[in-house]
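Got some structures for you, see below.
Shared between the two complexes below is subunit A, which pairs with subunit B and subunit C, respectively.
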Partner chain A sequence: MSSAGTGTTVSRTRQSETAAGHLGPKGRRRGPRRPPGLPWILPAFVFVVGLIYYCIGYTGYISTLNWDGVSPNPKHVGFANYTQAFHDPVFWDTIRHTVIFFIVTFTVQTALGFTFAALLHSKVKLPNLYKVIIFIPVVLAPATMAPIFRQIFSANGQFNAILSDIGLGSLAHPWLAQSSTALPVIMAITVWEWTGVTFILYFAAMTQIDKEILEAARIDGANGVKVLTRIVWPNVRGTTIALAMLSVIGALKTFDVPYLVSLGGPNYATEFLGTLIYRVSIPQAEVGYGAALSILLLILSLVGALAFGLRGTRRN
Partner chain B sequence: MFETRRLSSKVILQVILTIMVLPFLFPLIAMVQESLSGQGWGNYKAVWATGVVPRFFLNSTIIALGVIIIVYCLTMLAAFGFSKLHVRWKEVFFWMMLAALTMPEVVLLTPLFSTAVHLGLYNTYASVMLPLAALQIPFAVLLTRNFVNSIPDELFDAARVDGANAALIFWKIIVPLTRPIAAAIIILTLIAAWNDYLLPLVFLQTPSTQTITLLPSFFVSEFSDDQTKVVASAVITAIPEVIAYLCLQRLFERGLTAGALK
Partner chain C sequence: MRKSPNAGRRRRVIPAISVLGFLVLLLTACAGGSSPGGSKGSATSANLTWWGWTPSVQVAQQYIKAFNRKYPDIHITYKMLTIAGYNAALRPALASTVGPDVFDVAPGGANGSVETYGPDAVDLTSAVQKALGSDWKSKLSPIGVSSMILNGKLVGLSVGAVYSGTVWINKNLFDQYHLTPPTTLEQWASDCATFKAHNVGCFVQGVGQTAFNEDTLQAISDNVKPGVWAKAIQGQVPWTDPTIVKALTIWKQMFTDGIMEKGALGVQQYPDANNDFLSGKYAMVMMGTWYMQNTTTAGMSAGISGAGVSSPKNFTAIPILFPDVAGTGTTGALYGDSDYGIAVNTKSSHQAAAVTFATWLGTSTAGQQQVADALDDIAALKGVQPNWPTISLVQSGAQQPVLSKLISGAVTSDEPRLATVSPDLQLAIGSATTTVASGSATPAQAAAALQAAAAKLPNHGAVG
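Showing the complex of A and B:
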């Protein structure tokens, strides 16, 4: 959540840097010379870069060890941990789950968030009540909601009760205990938690669309759906790309929901890179292997962010 | 976006919206219902009687406050430097920090764990606060730098001509003028710190330091076969978050949109 809208901001920063008129041809600025800024940025820089790059370096080193995290003499094994990852079917499962998870949650959240935003821009009654209901899940910790979601989707839970109430009782089954339905449940919970962000970003983006364009389209006889698909949707493209980047990073970071609701199971059906790394590193104490998986996750995150970040820049 | 002049279309929109919003409301209702089943309010009494709930809240508050203070101070200083002062290889520094934006917490686990044990920080607030702050600062600096960029240079030049040094300019211009973006950053940091689960899970081992996100798991071992009390404890932890959001609704929503829009 903290990185909401990175895509557009990043590209905007870049633009303003090159377009700013401060730098003359010789790179010198007009007007009085600016005071040195290094002491001002150093505290944050040393803190962030120190802590995080130190951890990356350390993880990279550990990833070449066969180590349980405590023994004083870890064995160097070179790239064996990486080879192990590429031969580990569970690793490939997590990649597949992450891709499915990203495609499904991103599509559903975009559709829901966009529709909610359009509907709440349409002079409905009690708009704020709806807004609050959609947004409250964003504020609540996944850890807080996990117990009730486990209960709702259990064999004698509320979801099955609703199904039998509306005459679909034959569909009822233990959703979290079956491999085929556990992942969809995890995705549904994620959509529940994050649609508020998608909605609020689209809602804000739509406020910035020129009212006259919409009015002109209507005078030309475009109906609501046409206005949405032909004018509104292209106008909020920047938001969509930023949200796509957020979703990629979010999918790769997924930990809380699958860990707390289904423990990565049953039979690895909801295992993600985050839960796998945790399980391997902490309970199983295969620290070296966990570190190798961490480095792979890090590379995937950077590639994912760059892919969407660059696309966002080019479009701008 | 939809033009609704006729009453029938107004009703249709309202009905569609209501049906769409029901699944979002449902888990919240189910949660309250579940927490009251069985012994009714007795569930809440049993949870409260354990006496640990205030402690978990206090721990979460301390950690969130600590993270907010670190993030706010370091971000403001850095944003001023990045935006308005002279720094060699500014962009290199900036992008090195931004790369940390994509960092998943789980990647930091092992190094942080052995470092924390080594430094005697294991099971202390600092072991959760420091990494959380480090993960929040890059994005906060990105937002604040963009915001400070929009403050006209003339203001700073004029202050310098009047003899103000950088520290005075920071105190008299940057701190007051960045209040809107600071509010957004504080809210974002609050949500991230308050809701974080993985770092407390790994680093906080006793109820005297554990945060409210660990409260449900604590009660799972406390009331092993009584799901209703676990849910009651989850409701207790959710209530302050909902109240905070309802009171500061504007700030929460603006905080989240701060990055994407100008």
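Showing the complex of A and C:
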């Protein structure tokens, strides 16, 4: 039974190979020759493997070293750098900041971006002007904006001046100097900077919604709010999920705004994984530990992106 | 055409030989580099690149211009990098074969650390011996020699030194409000109250950029009891010593007494505090001898313009001793390090010319006079003083005597500033200052946390 079975399998395999015209007797090729694919994908393959996966692998290797980045004699320490990370309170602070940062910025950006997109799909005058105004912060480099924000939110800055002018002087604070208010300032700057992207994506997604569905809803008596919540919002779910995925990755990679505006301070109140990695790798020259943090960042990014990706796929 | 029977084998052998040859060349290239004393290439003709975070481009151009009067065929391109970005740029550059020919190094664990980049630098001992003779060490500032030696190798030639422990004042503002520079904590607070009453900022410090907090805390500690700070850095005295706790208490008092500006924790020393002082918004700032460059008419104008003032109006900046905040009467402590040294890259193919430049700037009277006259660093070559008649100060009568006294006092100091502090210890000291300032820790708690952090560091966080 068993030998007959095996013979049948072999026979079927040969039949299929012959039918496909790939292999003839003695393994020679026969029939029209399909061009080999490797040369075509080789440049992209080398680029991807060489520049990305090799670097990830090398970072993983460095993460097992006690190394300052230049010393010719790095010391192997196994997973000690990872253990150090899990025992480092600042690392857990960065995780906490990242979670808060993601929840707040994603929620506010989504609300603002969706609202702006819906408003600009209605009949408003000068829609292009509004689009430009909303999108301009996206193209401004954080490095040029950071000194301005430091000035605006300083103790004698314009934000406090505005509060005083409108009779809310009691709320004036040195916003960037207090641990309790520095992170909200960083989040506010990020929302200001990136709401333009959320808006553009929602605006584009809304143009894809079939107008007949919207008209049918209106004929059935749905008001503007119901149309937005029952028709538009479910139809742009894919965009929301994509934005959530991008926001998770963006939150984990946050570096420029907290580094340029508050240097991760005061007292690590605005420290994120990106700023921590930079601080330990460059000023403190603990390249091995920095690499371990980078690998942890990579894992968290992948987990975050996969979680939202799978959630989106399952719902679809 | 008939093929040779060996053609196939030859086809295989030739590429193999080529690959082998390439590998040999590669290994030779990798193994090459350092030649003793930096003898590669011509000593009088080359195109060099110089990387540094200091001096400013303007000052570097002055040095290069003066250097080219003697060596017209050595062309130097200076690339100034940011303080924060220097290590990040230099590390891969030195690992490659296209890095700079000469680069800045500095003692301590921070930027361009001698300890970190020493292995990439040519030993300059023979070059300096040739320039200054066998007793060369006696001709140079000791602080600039000892800190540039790593395992017996002279890694770089110190260009000059910087010292801290001074507060710089805007004399015009003090004159305008008929105030005298503070000498005690009480007077300091009183002066600040007067300035604030006139809507003028008093003392600005970028507490958010913690490395500069160390300067202020060291000044307070030296005022409480001289020498304890230096011993604590070496691990000879715990950070919980009453002197350090007292220093942290006074540091906190500077916030509660209204001496520190409101929101100091969110301010960075550069650019915020520097700009605030130079634009005339504040009357005082904690800066060191490197601030002498703002006493010249050109330096002050450039500084004010850089601070964002469209029509610069020069004012008289003067250094004063750190006030007697502890009431001990022990004032005037200055602590410093070599600001930076010039190192020659072991992989440079123009080592000889690079050594010519390094020795000219670090050991020749002409080069060191340029350094002294720039009022950026205090010259490393003993006996070289600024040539005051050629330097245009904003208010010479008020500034020159004070600057001369500052320079002569500084060169006698042997107390290190940052050179012996590792980046990890700097971070711990910075955390102590910010936690005390924000009120999240008492001085005693912050000192205990600092001691706990230092105890975990190799050599208690001391370098060298």
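Everything below uses one rule, namely that the second predicted complex is superposed on the first by the 279 of 316 C-alpha atoms of A that agree within 3 Å, B and C clash if a C-alpha of one lies under 4 Å from a C-alpha of the other, contacts with A are read in each partner's own complex, and residues count from 1 in each chain.
Everything that follows uses one rule, which is that a residue touches a chain if its C-beta (ideal position, glycine included) is under 8 Å from a C-beta of that chain, and two chains touch if they have at least 3 such contacts.
Just so it is clear, the model here is predicted, and its values are computed rather than measured.
Visitor: Once both complexes are superposed via subunit A, do subunit B and subunit C end up clashing or fitting?
Guide: Overlaying the two structures gives a clash between subunit B and subunit C.
Visitor: Using the superposition on chain A described above, determine whether A:G69 touches subunit B (first), subunit C (second), both, or neither.
Guide: The answer is both, since A:G69 touches subunit B and subunit C.
Visitor: So, A:G221: does it touch subunit B (first), subunit C (second), both, or neither?
Guide: In the superposition, A:G221 contacts neither subunit B nor subunit C.
Visitor: Considering only touches as defined above, state whether A:G167 meets subunit B (first), subunit C (second), both or neither.
Guide: It touches nothing on subunit B or subunit C.
Visitor: Contact-wise, after the overlay, does A:A177 reach subunit B, subunit C, both or neither (first, second, both, neither)?
Guide: second
Visitor: Just checking: does A:S122 make contact with subunit B only, subunit C only, both, or neither of them? Give me first, second, both or neither.
Guide: Once the two structures are laid over each other on A, A:S122 reaches subunit B alone.
Visitor: Contacts for A:I282 in the overlay, against subunit B (first) and subunit C (second): which applies, first, second, both or neither?
Guide: Both partners, subunit B and subunit C.
Visitor: After superposition on the shared chain, which partner residues are touched by A:P147: those of subunit B (first), subunit C (second), both, or neither?
Guide: Both partners, subunit B and subunit C.
Visitor: Tell me which of subunit B and subunit C touches more residues of subunit A.
Guide: B
Visitor: Between 57-65, 93-101, 219-227 or 237-245, work out which stretch of subunit B sticks into subunit C after superposition.
Guide: Stretch flagged for C-alpha clashes with subunit C: 219-227.
Visitor: Where on subunit A do the contacts with subunit B and the contacts with subunit C coincide?
Guide: 69, 147, 282
Visitor: In the complex, go through subunit A and note every residue touching subunit B.
Guide: 1-10, 12-13, 16-17, 22, 31-41, 43-45, 47-49, 51-56, 58-59, 62, 69, 112, 115-116, 118-125, 130, 132-149, 151-152, 158, 192, 195, 197, 200-201, 204-206, 208, 214, 218, 224, 227-228, 232, 238-239, 242, 249, 252-253, 255-256, 260, 273-274, 277-278, 281-282, 287, 290-291, 294-295, 297-298, 301-302, 304-305
Visitor: Would you mind writing out the residues of subunit B in touch with subunit A in their complex?
Guide: 1-4, 10, 13-14, 16-17, 20-21, 23-28, 30-31, 34, 70, 73-75, 77-78, 80-82, 84-88, 90-91, 93, 96-115, 130-131, 133-139, 141-143, 145-146, 149, 153, 157, 160-161, 165-166, 170, 188-189, 191-192, 194-195, 197-198, 202, 212-214, 216-217, 220, 227, 230-231, 234, 237-238, 241-242, 244-246, 249, 252-253, 256-262
Visitor: Which stretch or stretches of subunit C touch subunit A in the complex?
Guide: Contacts found on subunit C: 84, 87-88, 91, 94-95, 109-110, 113, 116-117, 119-120, 201, 207-210, 261-268, 271-272, 423-424, 427, 431, 434-435, 437-438, 440.
Visitor: In the complex formed with subunit C, which residues of subunit A make contact?
Guide: Interface residues on the subunit A side: 68-72, 147, 150, 153-156, 174-179, 182, 262-263, 265-267, 282-285.
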